[in-house]
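This structure is in structure tokens; I'll ask about it shortly.
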Amino acid sequence: GNPLLLIAGPCVLEGYERSLKIGKQAKEIADKLGLSYVFKASFDKANRSSYKGFRGPGIEEGLEILHKIKDELNVPIISDIHTEEQVAPAAKVLDALQIPAFLCRQTDLLYTAAKSGLPVNVKKGQFLAPKDMQNVVDKLESAGNNNIMLTERGASFGYNNLVVDMRTFPIMRSFGYPVIFDATHSVQLPGGGGTCSAGNREYVEYLTRAAVGAGVDGLFMEVHDNPEEGLSDGPNMVKLDNLEAILKDAIAIHEITKKHF
Amino acid sequence: GNPLLLIAGPCVLEGYERSLKIGKQAKEIADKLGLSYVFKASFDKANRSSYKGFRGPGIEEGLEILHKIKDELNVPIISDIHTEEQVAPAAKVLDALQIPAFLCRQTDLLYTAAKSGLPVNVKKGQFLAPKDMQNVVDKLESAGNNNIMLTERGASFGYNNLVVDMRTFPIMRSFGYPVIFDATHSVQLPGGGGTCSAGNREYVEYLTRAAVGAGVDGLFMEVHDNPEEGLSDGPNMVKLDNLEAILKDAIAIHEITKKHF
Amino acid sequence: GNPLLLIAGPCVLEGYERSLKIGKQAKEIADKLGLSYVFKASFDKANRSSYKGFRGPGIEEGLEILHKIKDELNVPIISDIHTEEQVAPAAKVLDALQIPAFLCRQTDLLYTAAKSGLPVNVKKGQFLAPKDMQNVVDKLESAGNNNIMLTERGASFGYNNLVVDMRTFPIMRSFGYPVIFDATHSVQLPGGGGTCSAGNREYVEYLTRAAVGAGVDGLFMEVHDNPEEGLSDGPNMVKLDNLEAILKDAIAIHEITKKHF
Amino acid sequence: GNPLLLIAGPCVLEGYERSLKIGKQAKEIADKLGLSYVFKASFDKANRSSYKGFRGPGIEEGLEILHKIKDELNVPIISDIHTEEQVAPAAKVLDALQIPAFLCRQTDLLYTAAKSGLPVNVKKGQFLAPKDMQNVVDKLESAGNNNIMLTERGASFGYNNLVVDMRTFPIMRSFGYPVIFDATHSVQLPGGGGTCSAGNREYVEYLTRAAVGAGVDGLFMEVHDNPEEGLSDGPNMVKLDNLEAILKDAIAIHEITKKHF
């Protein structure tokens, strides 16, 4: 029965000042509620719907910003990597590596990330059955890494829609590792905006409470002080003003479900 | 913030004695936990996978058994109807009418059921988007009936599998009527047993907690003292011995979510 | 290697004159191309999205109109039935009975229809795996009827969308009965129009050629001289002016595939 | 109205001798039938279900083998690349680059591949709506490359199953580039074998005829002289002995459909 882990931050780094501001607010809320907090932001959105979408500062500048945020906030940092080459520089700054959903079956990326010795959080592909994440776990374990997290972010449900199958949580937990619910990508409507993904922020609170009811070890949320201004995933990021209320319910439900863990 | 409603009983009537025994146990648990209880059993399984599947006692004998159970347990009774002709005799005995999922768009059946003046509980078809239940509601309201319940029992997800989309609950609640989660049909694997449906009873507790976390007004569960012996839906009915524990968690989570109602 | 069967007509009977006109044109095209032709129109649309949708003339007047069309055009007639009670009157006029997709698992309806001795065409439910139509076939055979047709009209694919899985045709053909492709309902977007179903008529020709490529025994198409004016399913009915060209390609492809039958 | 393109070969390079043998046979069949032929084999299977799955000879040895096959058979060669680094060495040997489905939204990989100036064939992700391939096309065109092919290989349909939506072909053709049907990956059952993907080779012929009926510019097939011995994708590769018959039907149907192009 550990407290919930909270992984939160802006979808993509939007400069040091704004990213710090968002992280600071998220940390304050996590501290107040007694949650472990990890700051998350991407330095590069490598698979935007459109090539015109904002991609972020890139790995070099991005890792610098993340380093400064880490020092300033004194919190662990996670970010997503997309190539084997990114593992080494990222591992110098980050406290955990994240594998994007589309890349969750790329054997070399998984293996190289696992070899870093850092905790690795893998997002389940939208195209993957929950039980098939066992193969992903095996790939990571084969590199001698047992510090694994598995994240659900929705499964393909027809076109331009995702569904969160709550059976996913007990199935993935049965592999022996913590399971995270990515509440904001799960409400994406992929490609729903033509050249970008649309989303339904209003369902975040419902899906969060449901997932914690099913039983998770942590929550992943992209947050922003003003999501309408967000440079990526605006339609599904949670407004920081709403974060505390959502988490309070989640914590209360987690108190009920965690006895089953 | 009403207490959760519990609709429970064996899938199909299995004779007066056994059905009564199951209903009695379910009522005792509901009473103990402070839940409103409605007994449910089908007198006819009109759409079994195979024509060889057990169908129940039929409407005449079935309504007699239900009447006796109602008198003996002093609880309201709900059962499903399949034709307009069944509405009148059923309405003499039952306290609420239920429309099966496959029939949820049959205009005349909905209208005739609504005209009875009894509460009508409609199961959302596996083929229907949550928002499209508004049209079902309109059909019932057009008959002057505003005593409506809407039940989620899973949506088609590929072949021989269902998924419960937790967005369904807030969407259907927005129509202004109580929303029920059918926890046992939602874990069916339709046709998964060749000439019958398979099921995964082990997920009932997870989906129940998740649905209550998302926010529902009631739970529907098929229960049995010995599901392995059940004459219909054995693989997904809940063992009565496990019912109290599942409901306790549900009630505790409902306490947290019901403030949003 | 029989020629393709063509089942075609307006979605719903729109009065004798217009229905006859449509049937006459369809028959002329079928005759010209050497296809067996069956006239189809519904006397009642029993499951419209909205209760305000046009339902047709009803069974009594509808069967009269169908009888007159049958006499006038000298073609066999098929129409869909929704209750056991409709079987007897319908069987006096119709040459074949059709079971709607939502009702494809209603045991009594299937049995009663089969007992009529008429050929029975069952549309596969949007929620059903192709292999599970074997159970439907068993139900019909149990009534001593071996004059069966099975029709594909799309499977649920997320919300408000259908997909035609071309594996359906060889799977259903393996049961030993003719298999029909319903080209116009397969392009429906169920509920896509809010209070009615939207549709994509422009894909009819592609799906028809594909289905015939996979291998079918017949085609089902709702046709209209002016689909925009159609009282039901306008968005997916085929304009009669386009029917011949679509069928010509279908016949040419059928010549290639039928050697596998 | 061009003749169909045939992209075929073993799923993964299985040594020079066997790969050559397979390519030679495929070429002979293509020549006999008047099809343009491109040899395809992977040098690395970078996303096998399990890390124990055979991955192939790697890029260095793999490109050597491909070079020798190209010289020996005098045919163009296509192979899939997984990282930007692979583009330059691959472009020295290959005649076209292929982007795997899971990687179809990786902007840098697409851009770098397109910058090579070689034709680029992108497989549509199992998680992508057909219309969203327009964004993929835009990414390639932004690199100044207009030599593009788009390949359908099935869309996620529940868990461990794919469905080929035949509407995909006209939708993707509307972008102005040739569209290919990958007939063998489309019959995969992803993860269906636990630590590997299962498949249904028997549906290849049906789906091929259907896709050509809908309208495609080419076919992609993994072929093998003895698929049971294949080191990857055995359950869905086509036996070379059956290739000619499948292609003959495809060509005949293409003759009918290509007039619409």
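Going in written order, the chains are labelled A, B, C and D, and every chain counts its residues from 1.
The rule is short, and it goes like this: a contact is a pair of C-beta atoms (placed from the backbone, for glycine too) under 8 Å apart; a residue touches a chain by one contact, two chains touch by 3 or more.
These figures come from a predicted structure and were not determined experimentally.
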**Message:** Which option, C-D, A-D or A-C, should count as the same interface as B-C once over half of the contact pairs match?
**Reply:** A-D
**Pair sharing more residue contacts (C-beta pairs) when B-D is set against A-B** = A-B
**Asked** Which is it for copies chain C and chain D: same residues on both faces, with over half shared, or different residues?
**Response** same
**Complete:** Rounded to the nearest Å, the gap between Cα centres of chain A and chain D is 33
**Message:** Just the number, please: Cα centre separation of chain A and chain B in whole Å.
**Reply:** 36
**Fill in**
Distance in whole angstrom between the CA centres of chain B and chain D is 48
**Interface hub residues of chain C, defined as touching at least two other chains** = 155, 157, 159
**Prompt:** Any idea which chain A residues touch chain B in the complex?
**Reply:** 155, 157, 163-167, 169-170, 200, 202-203, 206-207, 209-215, 249, 252-253, 256-257
**Fill in**
Given the complex, residues on chain B that touch chain D span 157-159, 161
**Fill in**
Per the touch rule, the chain D residues reaching chain A in their complex are 46-51, 55, 82-85, 102-103, 105-108, 110-111, 125-132, 135, 138-139, 142, 155-156, 159-160, 190-191, 195
